[in-house]
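So, here's a batch of structures to check.
Shared between the two complexes below is subunit A, which pairs with subunit B and subunit C, respectively.
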Partner chain A sequence: MSNTVLTVARDEWRYWQRSRLAQSVVILAFLLAIASVWVTHTSVSHSIDQRQHQQAESEAVFEAQPDRHPHRMVHYGHYLFRSPPPLGSLDPGIDAFTGNAIFLEGHRQNGATFADRKQASGLTWLAKLTPAFVMQVLTPLLMIVIGFGVMTREREAGTLEFLKVQGVSPFVMLAGKGIALAGAGMLILLPLFLGVCLTLLDGAAVVPALAFLASYVIYMAVWIGIVLLVSTLASSNSSSFGSLVVVWIALCLIVPRIASNTAGVLVHSPGKLETDFAVLKQLREMGDGHNANDPAFKALKDNLLAKYKVDSVEALPINFRGIVAQQSEADLTKVLNDFAEQQMTQQADQAAIARQFGWLSPMIAIQNASMKLAGTDLENYHRFLREAENVRFDFVQSLNKLHAEGMTLEQDANKYKSQAAKKAATVSADNWQILNDFHFTPLPPTQRFANSLLAMTQLVISLAVVFGVIFYAGRRV
Partner chain B sequence: MSDVVIQATNLSVDVQSKQILKNISFQVLKGEVLALLGGNGAGKSTTIKTFLGLMKPTSGDVSLVGVSVPTNPDVVRKQVAYLPESVMLYGHLTAIENIRYFLSLSGKQKSDEDIAVSLKRVALQSSSWHQPLSGYSKGMRQKTAIALALLRDAPILFLDEPTSGLDPVAIDEFNRLINQLASQGATILMVTHDVYGACHVANRIGLLRDGELVGMFDAPAEGNIDSEVVHKAFSQGSEA
Partner chain C sequence: MNFLDVRRETVFLLRKKSIALLLLAGFLLASFSVWTGSVDVAQQHQTIERLLVGDSVDREEVTHKHHDYGYIAYYTFHLTYAPPSPLAFAALGVRDIYPWKHRVRMLALEGQIHESDTPNPELALAGKIDFTFVIAVFSPLLLILLLHDLRASERAAGRHDFLVVTARTRNSLWPLRTAILMVALWLALIVPFLLGCAVNGVGIVDVFMISAIVLVYLLFWSVICYLVARLAFPAPVLASLLLGGWLLTTFIIPAVGDVVIEEAYHGPEGGNILMTQREAVNDAWDLPHQVTMDAFLETHPQWQGKTQTTSLFEWKWYFAFQQVGDEKALPLAIAYQQTAEDRYRAAGYIALLSPATLLKRALTHWAHTDAPAAWHYEQQVRAFHAELRQFYYPFLFNGTPYSEASLADRPVFTPYKNTER
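Coming up: the complex of A and B.
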């Protein structure tokens, strides 16, 4: 790098140092970034501890239940908690909106609950000033405030012409100004770098963590390029600032909204009410699993009677009610899973369409790259839902198996007749040790990295396009 | 001719379909000072900007030491010092910082002593050397720019209204400086409204009127200025 380029860069820094506005903005941006990293990391670390504790407690409470009828335990239910991945402390992604706990019970697939955003009061939004939000949305705006005049200031003062006469080429000027802006950008990114180091200590995988940092460096470079380009093309400071604010509004606010609306229009996703009615309609056709005499289970009954060569369910060596519960849960789960998969496919398709807008807006690209690398994107949320459903099905079917094998049909049928009958229709609390320790893990690091490649490519292409146009514009300075 | 340093050959410059310079030709020899006089809009500044490579000729050519400016602007700029009419220096920097910055950009290394000598030569008060230029008067800025031009050690100087904003004492000092530089071999093209100043420092005077070079004559010897002749020619140019 030539000395001249560095001289221009140093002078720009000297200007910022002497200009109170630029100096204040750089300091503000740095403090904002460091505060967001510290606050979010502390808050997420606390959440991880809390959720791990809650998970252990939930399992302990379930296992500490007294002797009971197994179906009561099916409805007693169990909670699963999702601990955020280490990089989630820098980008909570959609976790803040989707919820982090699921109540598991028989015959139902509940959605995740306790989303941070739903619990937050209006005044606590500042507490959710995440590093990702600061870097993706606020930092570009601050870079605009710092750098809108890097070239127009020279043009307005006439120094640009004077510099050219001194033999300083426009490219040297652009490179010097770009390096100065990059220095400011790196200073603002420094807290994120420290944050990534913290996540590595917390156990984040190296490849996604480094790619996460690299994606923000590229994103920052894209914005530096945009600021430099507009300042090069604009004729005055005011037109440069105005144009850059319009670009920021378009890229950070309007295009993301257009992306989500377009995705919603192109891939129709039925509302919750519509889906619930459709699910209910199908479930009604399947029969009531609580009623062993429901005609829907006649075939099951006939098969069992034939299999055990007996002529009544009372003569079966197993509790027919438990078998019905098992069969009913399996059928019901298939229907629920079909709907859930359909819904997840629609959401994934919508997300895929919205992701394509990353070719237009680097903000969409960094948002996707960041969430995918952090493991807080839609795909990881779906992974959690699927894992939770597997746990739910296994634990409910384990209880249904106890229901079928742990008591006779007669005991089961007479359980409300007396206290003694009720006691006879229970199984030992020792049987509640059916829960495995649940620890949600996001996609493997290599998979997360691979999934982020589209967004990373969008960022790199944006960078190349912006600097290509700067090169073209530089020839006309 | 090997002594020709600055040369315009059939130079025409159009800006937005308007012809600013119309087929003008002249040359300035090594160690010579040529002053171009003319009224507003005569094309004086355009002539200088074309030599600096800031504007391109529509036809004809301009060259410095035989090198065509439009095709090699970066090569010729290394030999040029330019003093603009409206001084383009940084308001947030002091005089010394401005000089250091611009010298550094043009690859010149000068000691603190050299800079101090130069600032003393242009009679800029030493108490202001470390003050930001934003607090300078136009004359003080002009002196800083002159000091910078001197420090560049350029063999060719382009001066656009160089004495604009200077007090009479500073003008005298400036004229002495120009003569001194010319005697040391510098080639100078200046454009000015200041008829008397031009007559004091220039070897030859060219008259520009509406983009045409309408006259070129030797400047009268110092103390023997035929001001009436120059005035008459200048006034005709302004009226046209």
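Coming up: the complex of A and C.
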């Protein structure tokens, strides 16, 4: 029996060897896969180097600043750069759509700036030549072109009946044809396999990398199943081909975009500009941290006076302006974080809606599984934003602490009076060593794996459904 | 060929279930794209309305809180925006990548203008269905499915030779059938578009132009399908050939072209603009005021003799170094922009090999939603920011006492009205 299966598979391969169409399709798919792995790996490695270099430079420049008033360093600010994770060289995910640098300064949460897309040729409006795109969208179409006739060809040629009479059960036929298609699929997946090996050398974690590969194998199996199924049900080559192309258009081109449109229409996410109004309004009510005389800080002042048992801010042992700066930064950050979390929640809600469409289209499922395992999805981007905010708050507050403890209120208030007074209101440049080496790492491997489970489940269920229907249809061949 | 031929063939073709289904799919998808596109554009308009209200409330409060030109200039934000054109519903374009709204103030502009208020990146990755996508990407597929087996199916049904010998003229069979299917598809796609145009108030010239462009585009693909369908291969082979051509021109050529262009044109990193501007602005705090003022006077000689400062902090000096910081970063900003423009122009040549991309460039151009439209908006913001500076400098450098009434003459951003060309 197993011999018969292999014979059927071998026969199918022999047929492809004689068919110029099948040959050119397999070669084309293979070349595309290799080209995409090479191009993306090169460009992502380049940007990893570049961003790490920029990060080191940014820290060096900050620490090399001369003696200054600490509040000046609050506004001098600091840059963080986000390097793509190793698996990002196979699936860059949303990397090209998000800014990859973020400027950190006092009193503001800047968005990430300079998304690559803004300087792009505009040619990538449909796709970028990445392994993810080639594997998710193009290979299913190529599998259709080589496989649409696996069953219908036998039917049209009349050999199907002949084989049945000879005692070859439809399941043996289907298994053989499936193995034949799987062979072609594995060949096209080979460059991806090599790419995963490369990322392991680059330091990718083993579990997500293997799951990444496995998700593509399952995805390929789903498509092999779809091709087998339609070819089994169709009465002729033409109708098999036509139906498969319609299925591909729907699953790979239409449903993902319907998902995106639907999510955008169902959950409205106002931009940062709009939430800024609310922030500004709250800011005015809380008082401006640059102005220690703002009535909003009266309570703070009274508390401090009581604590140190003195009757004027001038008599305090610390610089009241620095205290105000600390307090208002903390209050403001709370407000900023509330709004930032709100926006991230809205985006996550939108993404959650779009991801539910993965039950309909395995392409959406593989896209999500792949991004999540690679660490290039929305959650990891939000993680970057949150980490950046922590870095921002820490460095601003340590500078504000210097502001409060490194000079007297009198020195601070008179800093614009003369050059000597200005010099008195500075702290030593030794204090600028407050930055830790920042290196963005995506969520830990187990977490990424856990996050991909929904998408993985969608893939596995698609596979089960497709093969379940084949089993049902096979009995009626 | 006469009217009877046309009617007979039309009825015959439209009665085929597969053809009717494909036309229905085209109609539904075009309707969906027009509907969601219109919702998207309406949301953009509502956002602008809300921003305008918020902006004026905010400015009012700032104006009442401060009584000094320096503080007013420092704290007052001004809303700039590019409203979507009536046609934007059909071609959403790059408005989800390039910013179309900012709030700027009189600080160094390079630190503000590159901020983008981007929406959800994960939705941007999936892309959106707009009418442009339906036409550029989807309609050739429908045509391929409709037309590839024009002859092969009749051959398979054994009617081919019979049809050929009984046809009244040469044109009354295959060309007529091709034309009928193409026009039927055009109608299925264009009717939702026309409804969208009516709802969004698109000018009649645009409606005609776009409808004509779409027809020409369908005609182009129909001719290709017609020619390929003449080859005596089985239907799946013909369809594979056509699909291969579609795949190559729609996806592969643009994707490869993008890699080539990225390699061919290198410009400054965006981050360098911000870095340069930041260094220039921050260094100024430690430099003698005179150094900044000398640099400032080179581009603003009219303030010669009015740049002395008496305190270590004066607003005119503060804004002068903001200006100087911008000027230092300007060559980089120009080079950055130049790279973007070079790449976009080079992409125009590649688009000649990719009809879908060519069509998308044409439609987004008409809808003012392409990259050049975004650059135009950026230029407007730069011009407006320059006006703001022109407005405040006399007060700051002449030391004019503050009067709230004088703010009535403050420049107001006027958006580019995209209602007509």
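Going forward, the second predicted complex is superposed on the first by the 463 of 477 C-alpha atoms of A that agree within 3 Å, B and C clash if a C-alpha of one lies under 4 Å from a C-alpha of the other, contacts with A are read in each partner's own complex, and residues count from 1 in each chain.
What we mean here is this: a residue touches a chain if its C-beta (ideal position, glycine included) is under 8 Å from a C-beta of that chain, and two chains touch if they have at least 3 such contacts.
Since the model is a prediction, treat every value here as computed from it, not as a measurement.
**Student:** Kindly say whether there is room for both subunit B and subunit C on subunit A in the superposition, answering fit or clash.
**Tutor:** Overlaying the two structures gives subunit B and subunit C room side by side.
**Student:** Contact-wise, after the overlay, does A:Ser398 reach subunit B, subunit C, both or neither (first, second, both, neither)?
**Tutor:** The answer is neither, since A:Ser398 touches no partner chain.
**Student:** Once chain A of both complexes is superposed, is A:Asp11 in touch with subunit B (first), subunit C (second), both, or neither?
**Tutor:** After superposing on A, A:Asp11 lies in contact with subunit B but is clear of subunit C.
**Student:** Quick check for you: in the superposed arrangement, does A:Leu253 touch first (subunit B), second (subunit C), both or neither?
**Tutor:** second
**Student:** Per the contact definition in the header, classify A:Gly271: touching subunit B only (first), subunit C only (second), both, or neither.
**Tutor:** Touch status of A:Gly271: second partner only.
**Student:** With both complexes superposed on chain A, which partner does A:Ala101 reach: first (subunit B), second (subunit C), both or neither?
**Tutor:** second
**Student:** Quick one: is A:Glu161 in contact with subunit B, with subunit C, with both, or with neither? Answer first, second, both or neither.
**Tutor:** A:Glu161: touches subunit B, not subunit C.
**Student:** Quick one: name whichever of subunit B and subunit C touches more residues of subunit A.
**Tutor:** The larger set of subunit A residues in touch belongs to C.
**Student:** For the superposed three-chain arrangement, provide the angle subunit B-subunit A-subunit C between C-alpha centres, rounded in steps of 10 degrees.
**Tutor:** One gets 90 degrees for this angle.
**Student:** In the superposition on the shared chain, how near does any CA atom of subunit B get to one of subunit C? Answer in angstrom.
**Tutor:** Value for subunit B versus subunit C, nearest C-alpha atoms: 13 Å.
**Student:** For subunit A, which residues belong to both interfaces, subunit B and subunit C?
**Tutor:** Of subunit A, no residue contacts subunit B in one complex and subunit C in the other.
**Student:** If we count contacts the way the header does, which residues on subunit B are in touch with subunit A in the complex?
**Tutor:** Its residues touching subunit A are 52-54, 74, 77-78, 80, 82, 84, 86, 88-93, 101-102, 104-107, 132.
**Student:** Looking at the complex, which residues from subunit A come into contact with subunit C?
**Tutor:** Residues 21, 25, 32, 35, 39, 43, 50, 54, 58, 61, 66, 68, 72, 75-77, 79, 81, 93-94, 97-99, 101, 103, 110-111, 113-115, 117-129, 133, 137-138, 141, 145, 148-149, 236-238, 240-242, 245-246, 249, 253-254, 256-265, 268-274, 276-277, 280-281, 284, 347, 350-351, 354, 364, 367, 377-378, 381, 415-419, 422.
**Student:** Show which residues of subunit C lie in contact with subunit A when the two form their complex.
**Tutor:** 18, 29, 32, 36, 39-40, 43, 47, 50-51, 54-55, 57-58, 61, 65, 94, 97-98, 101-103, 114-129, 133, 137-138, 141, 145, 149, 152-153, 156, 234-237, 239-240, 243, 247, 250-252, 254-259, 261-262, 267, 269-271, 274-275, 278-279, 282, 285-286, 311-313, 336, 339-340, 343-344, 346-347, 350-351, 354, 356-357, 360-361, 370-371
**Student:** Quick check on the complex: what are the subunit A residues that touch subunit B?
**Tutor:** Contact set of subunit A toward subunit B: 3-4, 7-8, 11, 14-15, 18-19, 157-159, 161-169.
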